[in-house]
């Protein structure tokens, strides 16, 4: 899960990481009040959305007085940025900047350690830095026993701050990195990013903040519960799936699919494409054989108006095929739709499943390729 | 031969009294796996499925010479269960549990670095099977057949799909391992490829990858440099959109990295044939 | 270095470890003021001395009112406990106690890790517990990567609190241990001990506190500088040696010795005893050849009125023997004393050294045993 | 043969431009040690004593095939210097520096646990010498003579004292190692005893211990169970008072543990003769 800037900065402040003086508001009136009473002028109005590129989209503006704040806040609130409607803005103290740095702690799969990525050429996307000025990106591994190693970090420190007007001491720098790593671990994050980081009064300060949380860690962090629903950029179907505890991802195509297992679900999508079709979703109903899950899954995929045909692909192992078929029968009773169905079922109790499906007139095959080829034909109206 | 597990493996199940733990322990016993006990703190001295329950892994190791442990405990306790098994001297730890926070796994990996004799498989994996000899995990035993193909995969049901088509085409497996769908797993493709390369029973290898990370790219380089046996690959997720987690925590294309195209290209460059759809794997192996 | 109770508790409070409400004072008047204004009644008056056994010596008393405080504080201040004069007392809130626990984090040389030692039978010395109730002592290793391991700590937690009226949650217990370990590392301690620890309002509280600091770590902790002199239980000679940067330890005997190297200094003491003598001190002048050190060393050993004879034992390696002899000549000019000297010098530049010593009429041998046997004879007036 | 260092060891000095570093580098070169360079960050490219200075240990390893490093940096930087050497692939690290905080050494030890090919000697030690072949440390080379006695000690000058008396009595040394006087050191008595046991040049062993800790007690047990060669011991500190740090950070009798009596008793029980005074060591060896 991705935290919005203002949420990430709340985490930062509780970890003693400096940020500008600022507050999140939801109305232009509150924005003016905050600017007048605590933040002061000039200040920056920043759209709070879970997508990148808000600056280019006009979602970040500087205000010099109360009139500016009212005008700009009114403009930005309600704005649509990459499909997200802005309903929260941050009113933030404007800080003078000598240089913009980039700093992040990120899960590094190859080394199996957190990696600290740094650059004195921040303020733009890290992908842009790595494309245009790769020599300005410095990396430090975080060791679980030693933390930072001075013999490498001192060299990086020198590269980060050479030729800079204002710099922090090595001790302050190392301490700041440690705080960032502490946030990474304490919050079960997979990314903690500050871009830009600036040096202000010889101390590091986070002008922006991005935190990606490990979904597997959320159960240990009730403090983020309130953000779970509000930050999701999700389609109606994705929302329904989240509430039904199913893994569903919306795609552009017209063939809905329902599969058990994430790998097989992906492979099913790929096979649809291979035979000339286009998948409407990724949907993993998991290993359990709960018929209720199948009913919910059917309700979700049928609610997508783009869908022309439905593919069921079940490889029964732990999953019992007859349970799936039973859920399917219930689903067809409860969910009303008029779409052709191609069904492939094989594995544990597949004979029983076929009997059930025959009763409700759903044609079944044991061959995945055949089922996929059939559904592709169906979707084309064949 | 096969790799990692065989007729003489002494297997215990951590979390044997749970719903999944007891079900699969039973399945394993029926398959012929030598399950010597289970561990559930507080239930030591009792028994289940005809095997004794211990309070700690250490007791199971001392009393039953357990050398393989299968973990079914809830995600909040899984990393601690791995540590307990490693400290007790278990040599092969298979963690089925899904949903373990990735930073906990980073620490587990760092801890295991000083225990070179301990191998972890998973978490979030279906386990492994040496058909006809031993099954440690949740794989449906009846679809496998003893043979000469080594199978290694990041997935569960997709593996069964491909194994089923292999079996239909007349192939059998030496060992089939699901290494897990998380970003950080104990045993990777390279570890497994290296073992298959040394295993006399294994004549060819099927590698089933998916989007996310660069494990497949690294495997491709390793195959080119080290593997003498025939390798056929399949990569799931050609149609997966970027920045979305496709079920598995590790299956995400991030900042343009980890795409199926990149992985397929890496395999082609390493001289490995890649199937476009699961059913092609058997064809390419022939 | 050992911190006094009140100093250790200051460290605890800054690490968010609960202690009773209390203050250190140096006069009975201040004690009354503190008791009246903030601590309240009943309260405990505790002598602050760097030695154990203050309770048995009458250095800890409960006061129920201001009169008590005045009387008891007056009694305890100025009291001598194992040779230490009490000049500081702690006025501490009296807390009702269900059970006294023992808890410490200590450097464990064998495992090369910090070890946490716990017992539900605290309130007495840990040696006493381990002698009388060894089955009530529980140990947990602290791992550098994992911290505490739940699978062992949960078992220990159960043993610690079974049959206890008031207990803390496992989470609180583990968090408390972590705070103690944090103090251990952050302060470069070799021991952090709470005895007794109590459970008060379902939280852990430190009624007493003991911290041993690693002398090698002191340079990183300027916050402890103010304590360095005030806490030392040292003889006049030890004080002089500390100020001169020499390692000196007072002993009961009458043969002063001056040696280069700690191991050789100990072996010299042992050899004196072996030949029937009794060493007056341990003194290592170190590996440097600075003559000034030799002058200081001579001044210190000569200031001990128990000394009857002096033994010099120098094995020159890096140490240059002529520098030692030169320092010795200077020392004899500057320091006035009338004691027989036995001198053994061998190694780098020993010929030059012998020439210098011959000039000032100091007999020299190259054989350690001979030098020791001589000094033993000298000390016996032989 | 000798143990750990020999004619072909490629030695570097970390902190070679410091007062002690340059002095002892010079002494080592004069003794015949193959000093291939030094490390002082910021002075790379310069040279001293006829050898090049590098900015990092890694450069010295790559360019000069350094495999042994001697550390002379101040105590605040010593543990980091050890880590740098270990990361760079140095196999034998000798840390002379005194005054390293013990908790820093705990972390260094935990880190080195996952690098089984790296051996640390020290800190707070005089180093080691294989007489006539190589000297890495601050020991006065001229008092040693090539021979068949392996010497291992927690002390510096006391070792020289005993070696001197051995030489006077006609003995010579295979290798002499000072393992250091701190509570936590990289290489202990048992490691060294085991190497001496395997070394064909070493015919008998002198162990010089002192009060504090239980390294001598453990060594005694190890000797009884494993060592076939003659061992003579000396323990310093029979007259040391309790709870006082006798110069070395590790030399302290604490809560009745670590006394000389206990150590002597352990050796006697292991059948090891213990000298009462340093000069007796040579007698007992005869």
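Letters A, B, C and D name the chains as they come in the text, with residue numbers starting at 1 for each one.
Here is the rule we use: a contact is a pair of C-beta atoms (placed from the backbone, for glycine too) under 8 Å apart; a residue touches a chain by one contact, two chains touch by 3 or more.
Predicted, not measured: the structure shown is a model, and the values here were computed from it.
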item: Taking each chain's C-alpha mean as its centre, the one farthest from chain D; value: A
item: Where chain A and chain D are represented by their mean Cα positions, the distance between them in whole Å; value: 55
item: Distance from the mean Cα position of chain D to that of chain B, given in whole angstrom; value: 46
item: Touching two or more other chains - residue numbers and ranges from chain D; value: 107, 110
item: Residues of chain A touching at least two other chains; value: 144-145
item: Pairwise touch network: line, ring, star, complete, or other; value: complete
item: Complex contact set, residues of chain C against chain B; value: 143, 145-146, 149-151, 154
item: Chain D residues touching chain A - in the complex, by the definition given at the top; value: 41, 56, 77, 80-81, 83-84, 87, 107, 110-111
item: Chain C partner contacts - residues on chain D that touch it in the complex; value: 75-76, 99-103, 106-107, 109-110, 138-140, 143, 153-161, 164, 181, 183-184, 208, 210-211, 213-215, 218, 234, 236-241, 244-251, 255-256, 260, 276-279
item: In the complex with chain B, residue positions of chain D that touch it; value: 113-114, 116
item: Contacting residues of chain A [partner chain B, same complex]; value: 107, 109-110, 112-114, 127, 144-145, 184-185, 188-190, 214-217, 219-220, 247, 249, 251, 259-267, 269-274, 279, 282, 284, 287, 315-319, 346-348, 368-369
